[in-house]
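Take a look at these structures.
Both complexes below contain subunit A, partnered by subunit B and then by subunit C.
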Partner chain A sequence: MAAAVVSRGFGLGRPGWKAKRDVVRTVFLARIKIITRYKGAIFMEALLPIVFAAMPVLLGTTVAGANAGAVFEERVGTSNFRLYMLIGAATFTVVSLMLWLIGYWVRREQETGTLESLYLAPARRIYVLAGVTSYAFVRAMIAFLIAILLGSVVFQVNPFEQGMGLAIVFLAIGFLPLWGLAFMFGAFIMKIKEADAVIQVLQWVLSFLMGVFYPLTLLPVYLQTVVKLFPPTVMTDGVRASLLGINFLYNSAFASLAVLFAMALVVPLLGYKVFESTERRLRRKEGVGHY
Partner chain B sequence: MSKKKLVEFSRYPIAFVALFVQIFLIIAMFLYASLAFTPENADPTTGQSLGANIVYGFVIGLFLSFTLWEIGFSIREEQTRGTLESLYLSPASKFASLLARVFAILIWVGALSVFAILVVGSVVGGLPVANAGLALVVLVFSISGFLGLAFIFAGVTIKLKETAQFLVSFLQFFFMIFSAQFFPFKALREASPLIVDGISRWLPVSYSVDTFRSLLIGQTPELGPSMEIEILIVVLFGILSPIVGYWAYNRLERGARTQGTLGEY
Partner chain C sequence: MDTIIRVQDLSKTFTTKERKKGQKKRKRVVEALKDVNLEVFAGENFGLLGPNGAGKTTLIKCLTTLLLPTTGTAWVNGYNIEKEEDMVRASLGCMLMGDRGLYWKLTGRENLDYFGALYHVPRDVRAKRIEYLIDLLKLEEFAHRTVETYSSGQKMLLAFAKALVNDAPILFFDEPTVTMDVPTARELRRIVRALNLEEGKTIVYTTHLMHEAEELCARVAIIDRGEIIALGTPNELKASLVREDVVKMEGLLPASVVGKIRAIPGVREVSVQAAPDGRASLAVTCANSRHLLPRIIEAATGNGASIEYIKPQDVTLEDVFLTKTGRSLAEDTREVVKEVARGGGRG
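Moving on, here comes the complex of A and B:
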């Protein structure tokens, strides 16, 4: 009873929109302040996609030698395999960072013992989560941009030849379902607690399902059906198809955008609902503070 | 300490299963990536040779990254839990304490490696396994060499604290590329001969990868002038690296104790 009173407040002061905005801003700034103390992390995030892309590029050169571009074009529809890999790896970093940062935020609050106190604060969870996800978005975008720019120099490719506007639209819409997935992931971490192992394995599951280094047509048909329903796959495919002028997953840019838009409407709501219900169940069992 | 680590491992079954899944997915991803570069009517032996190049390099990469991560990470854990300083006041040997941290993980990585080889073998229709005994000897000396690198890294962790994690991530990917863990060295040479002659050739880890892979595939090594010389380099690496590594660790640790920062995190 007492806990319910504390958690809901006495019903006297309901925070207004300014207070809500302040919650988002404070959480966002706090996270940004923390990460600026670890400059190595930002550097690594920008560097990783280039290293990731380099591996299949070198592997492809080994397999096909001087014909690498020609064979790749036969299979994928473009001979620019370096840019294909770079876009895949950079988009994967965005997806991975979004999930990683939310998952780790939950886990870190659990470990430092601040999650339960945070739940007793008179701020709605959605605004706290909005602050954390906005921070994740900014950090992911910084990594994406640096990786694309630096990678273009390293691989001597030009990502600005065509379709940049459309690629940005895919990226912008693709972020919304990603937020939903991040909420679900946060809920999952809150429940199972072993964040490190799960995040690591999930990273590889994601990269496998997103077809970071290969066209999805190489996957078995049943798996193709599954990955088509996975928002990050549609987003990566859209960005890549726009910049390289290859076929879209749903045959046209409009169809792919429509599917992604539908996902953008459904997945964030679903994600937040999952987060809320997991959290409610854990609170009932006194498990929010356990780690 | 080894027993403690084994008990700890056994208490996290999700982490246990996750690692197996992770290995399977990494291999699958690289196999699919190579498929995108393979002509549709390609000779099946191409797949076997490629699979062998990927998986044998990957095995060395697994041992390297797990050794690097485990020692540094477990030192960091002791720092954050606040048990490092008390542990160092106990009359136990510090060398044994460091070595014991990797014992459990090495057994685990051994199992993962066998699993990886079996998975790739079943996908590509068998892998070449020539000179298995000698390759195993090379692997043992390579692991001993990696321990030396891990000792240095443990010392660096005491000094750099949280930032050390980024350093180990960087090193992991640095070796992945420049020691050609997922592809033959000829791919690096085709990108630029300077990469192989200016970087790869100067990394002992490259010789571990090249010797282990060449012995198992039954081909002449790509880096050194002959197999005998490459084996000699790996053996020297395996003997000297732990000595140099432990010396460096001792210096860094003594520095931290003198400054009173050993227990800080």
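Moving on, here comes the complex of A and C:
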């Protein structure tokens, strides 16, 4: 292995790619092992989007009655408001889970002392974070797929009629800026040493910014400009527009994908830089493990 | 001897906020370390001794890269703690937080594998190393169980194994025996000694237990209020004290014995406590009890005394600390250097 071996001992100060890959793999597997030891956790979180989507579906049906589909089509471009809500709730769950898992991971590690143990080891944080975010990605995808499949039965809708491939592309590219946001969120939690309250507030702010249950065209123009720059909004809109055949946020699938791709290049780097500088500031002060 | 750890003018200052009911919020500046200079030699078992708040853990956290110093710097295994953090970390095995720092939902074996990967120990080497450590520390009985089912002592043993997983040349142990029962603590000290003597590991061992420091460490630094106030072998430190020893003696002691003992050169004072049954208890204060003890015994027995109990009181590292600071090791010595009132006093 092309790496500097410490004068004695097995550890490597400058590891090769195999050792780096081993860190990502080990962290990922450890997280999976831990969650599977909490029985039923993954399945239960997949039920949330169905419950979450059921509320506006029932409200819409109550308000508009038999005309619900027609009224919705007038404003949104599709009468399939059930699938619209289901996709919105499922992608929101993905975004929420990603941020929640990273933020809560940082806080939990701080409380249990494992964060200091991580900082004692020579493994670079980027590889540890890659392991954790990969786990968050897998967990979020499982929740998304179960929610979509189970939800399509509950709401009697077919999400596979059109644009599934394009929706997956939006989802896959959308995960990258989401990682960046998760790093920033993790840095913020590490600094303020509180996760629950922030996550509670953020859930609602996020669902509003992402237009989970409504078209963004209903927002004032200045707010539309703001939310268009928010990566989860572009991702949700892309997935929904692909599956329902409605207008994209940036007018075409190509334009929306291009914007999301640009975000995928910039936001993770920015997020990691924010994480690194927060971590360094904390080490200048009381230390990362201070809780 | 080669220097493996060098600390140069290292200082660390913390700012904390204090909120007392009915008082203004106060910003407290705490000087945890003040211009510390220190050298630890390769293959040495080095002790850091001091009361709570003295700065031991802060110094270790700086050396292990968990904290960045406010001023000054240090080199560990030849690597600078601020510029070559990864190499410093790869040179160390640490047990700093007792049984914290373990994943409770993972088994002991899984925890060791996890941290082995973070230290970039190759997988095949890691597997063998883990089995070796399980055998060395007798973890076999519980290594397959999740950590949440462990007793405090078992968690401490696993944390100790975690510090050894990368077989690092330098080991930091911060009060490792603190929650262990007596036999386990004794066994752990035996292993620490073997790691030092048989495997040549450099060990930095912090403790507030004098007997541990005396038993394990070749050299000891006594730290107080963020400063190294004494440094040397335990015997050098004890010998450096100019203090009076006390020899306690009990038995049937005729009155003439007191005068004879008082006449011995070097004896400063003899106090007597007589009991109703004719027995007496003497406290002989002298310059050097080890040196004078044979003459004291001779003076007593040669004048008709029957000694039932005699014990010179030894100098301990606690005495060294007491003499140098006027305080006991049990005291908390965090030093606030500045207090600044802030806010509107809402309590």
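Rule of thumb we're sticking to: the second predicted complex is superposed on the first by the 278 of 291 C-alpha atoms of A that agree within 3 Å, B and C clash if a C-alpha of one lies under 4 Å from a C-alpha of the other, contacts with A are read in each partner's own complex, and residues count from 1 in each chain.
The rule we apply is simple: a residue touches a chain if its C-beta (ideal position, glycine included) is under 8 Å from a C-beta of that chain, and two chains touch if they have at least 3 such contacts.
This one's a predicted model, so the numbers in the text were calculated from it and none came from an experiment.
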Problem - Contacts of A:161 with subunit B and subunit C, given as first, second, both or neither - result: neither
Exercise for the section: Answer with first, second, both or neither: which of subunit B and subunit C does A:68 touch in the superposed model? Expected result: first
Practice task
For A:214, select first, second, both or neither according to whether it touches subunit B, subunit C, the two together, or no partner.
Solution key: first
Handout entry: Touching partner for A:54 - first (subunit B), second (subunit C), both, neither
Key = first
Handout entry: subunit B versus subunit C as contact partner of A:33, first or second or both or neither
Key = second
Problem - Footprint overlap on subunit A, comparing subunit B with subunit C - result: 38
Fill in the blank from the handout: Residue set of subunit A touching subunit B in the complex reads 38, 40-41, 43-44, 47-48, 51, 54-56, 58-65, 68, 71-72, 74-76, 81, 192, 194, 196-198, 200-201, 204-205, 207-208, 212-215, 218-219
Exercise for the section: Could you please specify the touching residues of subunit C with respect to subunit A in the complex? Expected result: 14-16, 61, 64-68, 70, 77, 79, 84, 86-87, 89-94, 96-97, 100-106, 110, 113-115, 117-123, 125-126, 129, 146, 162, 166-169
Practice task
Over in the complex, which subunit B residues touch subunit A? Could you list them?
Solution key: 12, 14-15, 18-19, 21-22, 25-26, 28-30, 32-40, 46, 50, 53-54, 162-163, 166-167, 169-170, 173, 176-177, 180, 182-184, 186-188, 190-191
Problem - Of all residues in subunit A, those that touch subunit C in their complex - result: 1, 3-4, 6-15, 18-19, 22-23, 25-27, 30, 33-34, 37-38, 112-114, 116-124, 128, 280, 283-289
